[in-house]
Structure formats: C-alpha cells, structure tokens
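Paired with chain B in one complex and with chain C in the other, chain A is shared by the two complexes that follow.
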Partner chain A sequence: MELRIENVSKKYGQFWALRDVNLTLQRGIVGFLGPNGAGKTTLLRIVSTLLRPDSGRVSWCGLSIADYGLEFRRVLGYLPQGFGYYPNFTVTQFLMYIGALKEIDKRALKTIIPEVLAQVGLEDVPNKKMKALSGGMKQRVGIAQALLNNPQVLIVDEPSAGLDPEERMRFRNLLADLTGERIVLLSTHIVSDLEAAATEIVLIKQGLIVRQATPDELLAAAVGKVWLVNALKEEAEQLKQEYTLSSATRKGDLYQLRVICPEKPAPGGCVFTVFEQGRADRRLGGTVGRKVDRSRGETASIYLGVRYVLGHGEA
Partner chain B sequence: MFWDMVKLELYKILISKRLILVFVVLIIANGLVVYGEYDTREKFYVWQSSTIERLTKEINQLERIPNRFPPQNDNLAELRSELELIKEQKFHNNFTNAFQFATGFFEAGPKLYLALLIFLITGDLVSSEFARGTIRLVYSSATGRAKYFAAKVFSGGVYVSFLVTVSALIVLLVGGIGFGFGGWNQPVQGYPGLPGFNNLELLLLQAGLTAAALQVVMLMGIALSALFLNSVVSVVLSSAIVFGTTYAYAAKGFGRLFFKYVFWFHLSLIEHFKEGGLTFIPVLEAGDTPVNYPPVTLGFSAAILLAYAAVFAVVSFVAMAKRQAPA
Partner chain C sequence: MLFDFWATNKEYFARCLNLFNVFYVVTGKLAYSFRGQGTLEIELTCPVTPYQIVLGRMLVIFGYNTIVGLTGSAVLVGSNSGLIFSALIMDWLAPMLLWGAMLFYRFNLYGFAYSQWVKSVVTPEVMTLSGLGLILAGFYSSRYIWNRTSGVFPQCFK
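This part shows the complex of A and B:
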C-alpha cells in the first residue's frame, strides 16, 4: 500500500500552488500542515482526482491514478473542506445517495450505513435531517460518507474548521481510530489536530514541501531552539519583526514571548542578560531570555517544531 | 445503482420547496381561469337582465301612450324586437366541462407556464450541486460524469412527466369544480386527425405529446443551469427565451418568418391533428415577397425537437463535465 506523489506541480495563473512536490506515503495518518494558501487543499484535490496536475503524477501501488480511471475512486474516501450536503435529506438518505454514487449495492448499503454511523458515533440519528445536525455531527456524517466504501486512501481536508473545542477533540479521537489498514491524508492548519494521531507530518509552505517527518522528529527539531523572553513593548515589537514567535502573552507592561531560533535572540543586536523566567530586570532594558528546556515538558507540543521548521525553512 | 441514483435525484426534486410553488402556481392559475370564466358569465347575465329591464321599461312607456305617432310605433317595434334578441342571447361558455377545460390548458400550457414550471426545477438541477459543493463528492466518486449526467436528465424527464400528469389532474379537478366533470365521452370537435376520439382520449394524447415535447424544455433548463451555475439566471434566461420567441412570433415584422421555425412552435404537437394542421403560412405585409415554406408534418416537428434536444444535451454535458469542482 503506497501512494506516491512525483514531481507534482500546479499553477493558477502566475501563482504556483504546488511546485515539484515529491512524497511517498504509506499506511497511517499523514498530516499536511501549513498556513492558509500553502497548497494543502490543491494537493489533496489532485490526489482525490478532482484536479489534474500541470505536471508530475500521483501513483497508487505503482500505477498512475490517471490510468486507474474511475477504479482508483473505489479505494478513495474524501471529505472536502466544508463539504456540501442536502439539507432536507436524512442522514440515512444522504448516505444512501453517496453510496449510490460510490456504486455500492443498495442491499449492502443497508448493512454498511448502520456500521459506519456507529463508527462515527451517530447511530442514534439515522433519521435526523442533515440541516438539524450540529457542525460536529455534520462533519462526522462527512467522515461516514467517506468511509462507506471502506477506502484504502482516506482524504480529510480541514475537518475541524468551524468546530468548537469539544467537537474538535471528539473529531480528533475519531480520526485516530480510523487509521487501520489505510492511508489517511489529513490537512489542517491546526497543529493540535495532528499531535495525537499523525504518524507522519508533511509541512507545506508556498507550494513547496518544507519537511516530511514524524512528530518525534519535529519535536526534536525544536529542542534547544525555543526561547522564553520577557520584553517591554518596543523590544517585543522588534522581536516579532526579527524572529519567529510561537506565542506572545501580555502581563502588565511585560510581554512574554516564545521565540524560536537556533541562537539566543538578540533583538536589534542588543546584548541582554539571561535570567530565570519571571525576573525581568527593567534596568537592563527589560529583556530577558531563557532557553526552554524539553526535560521540563516545555516543548511538549510539536507546534514549536512546526513553527521552527516553517520559520527557518529547514528541510 | 443507476436507478437508485435516479430515485434519490427524484426525491431531491420532490422535497424541494420549489415544487410546492409549482403546485401553488398550477392551482392558482387554473383557478383564475375558472374564475375569469365565471366572472364573464356573471357580467353577461347582469348586462342581460339590466338591458331587458331597460327595454321593458321603455316599451311600457311607449305602450302607455294612447295615440302614438307612426315614428313612435316604429320605435316600439324596434324595441320589442331588440328585447326578443336580448332574451334569446345565451352565454357562450369557452368551456362546458372539465375535459374541454383541460384540453384548452394543454393547448396553451407547453409554451407558457408549463415551460416556466419546468425551468423552476431544472434551473437548479445542476447549479445547486456546484453551489452546495456536493459536486466534489460526486466527482471524487466511482460514478462517471456521463452516468451522473444521465441520472440527472432521466430524473428531469420523469419530473416533466410527473408535472404533466399532476397538471392534468389539477386542471381536471379545478375545471370539474367549475364546469362539471361530465363530457369525457363526448366526441372531439375540430380535430379531423382524430376520428372517433372522445374528450378523454384527446386529453391523454395531448398530455402524452406535451410530456414528450417538454423534454426539450427540460434539457434546455439543464443546459442553462450548467452554463451559468446560477438558478435565478437560468430560470430568468430560459423564461426570456420562451416568452421572447413566442412574442417575437406574434409581433408583426420582427423576425416573423424566422420565428416560425423556432422550436417553441413545435411544442404544440397536438396542432398537427387539428383542422389545417400546424400551418406556417406567413401573413404577408404589403411589399413582402411570398416565400414557399416546406410543409410541416408531425415528423418534421419531432425532428426539430429532437435536434434541439440533442444540442441541449451536448451543451449541458460538456458544460457540466468540463467544469472543475469548486474549491
């Protein structure tokens, strides 16, 4: 089971949505991370056969998906971003319709639909109208429709967009349960969506693959490169301009920033003294810095690694 | 699987709010025609009784004059004869029973509001999939675009037949309430091509021919829906084409000869069975050069409609299949 993306490029007018993308994906959840407009959705649309690349090819088990024709779609499950539905259909009717599109036998669907609904935790609402479902429930119906044909390639594009934190967490857990014998391509710009479940993370920026790594590798990328800095307003502004920040919080006059860079940050070339966190010394210009220590659990989020790699273009 | 898809496509149509609007329009429009007929009849009787009253009064006044002059006698005779005439006048119903009413409806319907009622639904058939984003699920599924398009067209065709059937029932019901349900077995008048047909048989034939001809209208609606991906634009544009060409034909001078061959005229296939058939004899204005038109037969009309159907089907499919699913 291998999905290979080879030299795939896509251009919209003068804008490169994807440039020479090469990836080899295997069983597990592959998270696509990157800022808005990075090219994640374009790449997933190409894999889902909705879009043809300008150059390059996508192959499934050694054969180009273009050569498979409609057959490739039989192993494909796709939940597009903001997926459309028929508001007056019940959940079952909607799944029957998608099942018919997937060319699944009607009798088989009668068995499959309750199963997938149970899988996504919607077994109690088969006769509820789609328009009456909450955002999270609709997304779960979206996953259910993608699972109807028990796909070997499951593509999920920005599934947690617009969901409240509780729904998002539930959805994340659901995705983690879906790995099994399939490749799950999950696009998001929310790092925490991937933390628990992703087996591999692909970072995309401006149509280029910046890095393909495991979460642990990304975590390691940030170790020793995250600095906790307390700064006054002017210095904080300077830091924001010169460095990649992962977070900024304000405490009174003081800003606490997480700066991501290999060396100790020195805004404007100013020399500052490293103090323990919380001991800002305004007499010294108010700037203090401390390397964040992984052993203290301070880099527990791969977000820092992601920010580091995206900010410094490390491949 | 194809039939399951058609069934669900039909279900989409059946549960759409627009369909309720379609039925409301049908009931109101037919109700208005019946009301109009009643109103005209009522006005006639009011006019008749008031005229009789006035004439009787004038006659009485003249009769009371003991020694009438000859002109007064002449006037009296004139008034008496006028009174007789008014008394003898009877209201000529346009429709005497539900079946006559229904056949009248099917003569005007295809080119007028039946076409509009089709556009109301078909204008949304393709564009709504793009607007909702459901087309992304369709285009990433194992169903090919040709098969999906065929399911759409097939369900559109079933809708047209359903619309014609329901229209016939509504018209019969409304007409029956207004004019009575009898007369279904009366022989048809004015259709030499249908010897021995009764009103019910004529209605069935009309409904069948209308349903067949309106498939072209349905395909046109789908074509415009696929081209513009906007239901309002496609409904307005379709209606403009229907009414525009119909009225352009009626307007003197402007493209009249050309519009005789535009397919709207051929939608009334029943005309071929009428006295004179579907005749395209141009009304010549002073200075016009007489043109010899080929004779128009049922086969000719059917060929024209089929040609349009083929063009619309190709345009719809190409417009839909070539279009990318929205991001």
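This part shows the complex of A and C:
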C-alpha cells in the first residue's frame, strides 16, 4: 500500500500552487500542515482526481491515477473542505445516495450504513434531516460517507474548520480511530488536530514541501530553541518583528513571549541583562530570557517544532 | 368566449406544446439548482460519472414532462381538432429529446433555438434518433473517458 506523488506541480495563472512536490506515503495518518494558501487543498484535490497536475504523476500501488481513475476512485474516500450535502435528505438518504454513486449494492448499504453511523457516533440520528444537524454532526456524516466503501485512501480536508472545541476534540478522536489498513491524508492549519493521531506530518509552505517528518522529529527540532521572554511593550513589538513567536500573553505590564530561535533572542542587537524568571524589573528595561526545557514538559506541543521549521525553513 | 378561442386556435395550442422544451430546462434548473450545497466535489470523486448523474436527473424531469405533454396532446386530439396523435407527439417530443441531448453536452443556452431550427429542416424521427444517439454516445464515451482520466473538476465549473 503506497501512494506516491512524483514531481507534481500546479500553477494557477502566474501563481505556483504547488512546485515539484515529491512524497511517498504509507499507511497511517499523514497530516498536511501549512498556512492558508500553502497548497494543501490543491495537493489533496490532485490526489483525489479532482484536479490534474500541470506536471508530475500520482500513483497508487504503482499505477498512475490519471490512467486508472475509476479503479482509484473505488478505493478512495473524500471529505472536502466545506462539505456539501442535500439539506432535505435524511442522514440515511444522503448516505444511500453517496453509496449508490460509489457503486455499492443497495442491500449491502442497508448493512453498511448503520455500521458507519455507529463508527462516527451518529447511530441515533439516521432519520434526521441533514439541515437539522449541528456543524460537528454534519462533519461526522461527511466522514461516514467517505467510509462507506471502506476506502484504502481517505482524504480529509480541513475537517475541524468551524467546529467548536468540544466537537473538534471529538473529531480528532474519531480520526485517530480510523487508522489501520489505510492511508489517511489529513489537511489542516491547526497543529493540535494532528498531535493526537498523525504518524507523519508534511509541512507545506508556498507550494513547497518544507519537511516530511514524524511528530517526534518535529518536536526534537524545537528542543533548545524555544525561549521564554518577559518583555516590556516596546521590546515585545521589536521581538515580534524580528523573531518567530509561538505565543504571546500579557501579564500586567509585561508580555510573556515564546520566541523560537537557535540563539538567545536579543531584539535590535541590544544586550539584555538576563534575570531569573519573575524578576523582570521595569526600571531596568530588562528582558528575561530562559531556554524552555523539554524535560520539564514545557515544549510538549509539536507546534513549536512546526513554527521553527516553517519560520527557519529547516530543522 | 374562451371556448370559441380554444375551438378556433387548436393549431396554435398544439404548437404551444413545444413549450415543454422550456419547462424541461426551467424545472430542471429549479429542481436541482437549490438542492445541493457543494456536493459536486464529493460526487466527482465517486466511480459513477457526473454524466451518469446528470442523465439520471434529466430522465426524471423528462419523464414528468412527457406525462404532462402526452396528457395535453390527448386532450387536443380528443377534442376533434383533426390533429394526428402520433404527429402531434413527435412535434414536441423530438425537439425535447434533442435539446435534452444537447443539454447533456452543455449546449444549454442555445439548445432550444437550435432544436427549433433543426425541426424545420429534418423530420421528427431523425431528431428523435439523433437525440437518442447523442445521449447514448455521450454516456458511453464519458464512461470510457472517466475510467481513464482525472481532473474534471475545473471543467465542471466553466
């Protein structure tokens, strides 16, 4: 089971949406992470046979999906960004409709639909109209329709967009349960969507693959490069302009920033007195720098690694 | 008075049956324009071709229009108009079939005018056959193309 993307490029007018993308994907959850407009959706649309690349090739088990479109669609499940539905259909009717498009036998669907609904936790609402469902429930119906044909390649594009935190958590857990004998391609710009489940993370920026790594590798990329800095307002502004920040919170007169940088940050090239945390003195205009220590559980998020790699272009 | 108008203008009413061609598209547009909210993207990733979906939907509307058209034709012929039932049916059914076929090929804007023009130069039988031929050719060629291609998404929004 291997999905290979070779030298894929796509251009919209003068804008390169994807440039020379090369990836080899094995079973597991592969997270595509990058800012809006990075090319994630374009890449997933190419893999899902919706778009044709300007150059390059996508192959499934050695066969080009451009030549074996029908065969590939039979093993494909797809949940697009902004999942569309027929509002007056009930959940079951909608799944019957998609099932018919997937060439699944009507009698088989009567067995499959309750199973997938149970899998996504919607077994209680088979006869509820689509328009009456909450955003999170609609997304779960979206996953259910993608699972109808037990796909070997499941593509999920920005599934948690517009969901409240509780639904997002539920959706993450659901995705984590979907691994097994399939490749799940999950696109998001929210790092926490991937932390729980992703076996591999692909960072995309401006149409280029910046890095393909496991979550642990990304986490390791940030170790020793995250600095906790307390700064006055002016210094905080300067730091924001000069460095990659992962967070900024205000604590009274001071701003506490997480700066991602290989060396100790020194805004404007100034030398700052380093104090122990909590002893920043406004009169001294001092910035307190302290390397965040992974062993103390302070860099538990791969977000820091992602920010570092995206900000510095390498790990 | 209305009855007199009806009695003296049966030919005119017979010609009005051609309006089913217009109903065909209008009802189709109305019935399907507002139903889905972006389902196309999912539908295009399924093994069944978009052409098959369109054909299926068109057949439903075609069926309803045919029932209404047949009823209207029966009423006209039954009122001693001197019209021949089969000829009357072919007069509206053939253009509708041809237009439907052209809709299938996305000639939706000019299909009606074109089908009316074709009606003036070929027999309804030829129109019917060409309409059926177009639909079948489109269906099978699309099936063939669908099996061996990808990337139809942008074309669908042109």
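Keep this in mind: the second predicted complex is superposed on the first by the 312 of 315 C-alpha atoms of A that agree within 3 Å, B and C clash if a C-alpha of one lies under 4 Å from a C-alpha of the other, contacts with A are read in each partner's own complex, and residues count from 1 in each chain.
The rule we apply is simple: a residue touches a chain if its C-beta (ideal position, glycine included) is under 8 Å from a C-beta of that chain, and two chains touch if they have at least 3 such contacts.
In this text the structure is predicted, and so the values were computed from the model without any measurement.
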| item | value |
| --- | --- |
| Clash or fit (per the criteria above) of chain B with chain C on chain A | clash |
| Partner chain in contact with A:K106 - chain B first, chain C second, else both or neither | first |
| Which superposed partner A:T41 touches (first chain B, second chain C, both, neither) | first |
| Which superposed partner A:Y78 touches (first chain B, second chain C, both, neither) | both |
| Which of chain B and chain C A:N88 touches, first, second, both or neither | both |
| Chain B versus chain C as contact partner of A:N7, first or second or both or neither | neither |
| Which of chain B and chain C A:I65 touches, first, second, both or neither | second |
| Contacts of A:M96 with chain B and chain C, given as first, second, both or neither | first |
| Chain A residues contacted in one complex by chain B, in the other by chain C | 45, 48-51, 70, 73-74, 76, 78, 80, 82-86, 88, 98, 100-103, 145 |
| Chain A partner contacts - residues on chain B that touch it in the complex | 1, 4-5, 8, 11-12, 15-16, 129, 132-144, 148, 324-325, 327 |
| Chain B-touching residues of chain A, taken from the complex the two chains share | 41, 45, 48-51, 70-71, 73-74, 76, 78, 80-86, 88-89, 93, 96-98, 100-106, 145, 149 |
| Chain A-facing residues of chain C, complex | 35-48, 53, 146-154 |
| Residues of chain A defined as touching chain C within the complex | 45-46, 48-53, 65-70, 72-74, 76, 78-80, 82-88, 98, 100-103, 145 |
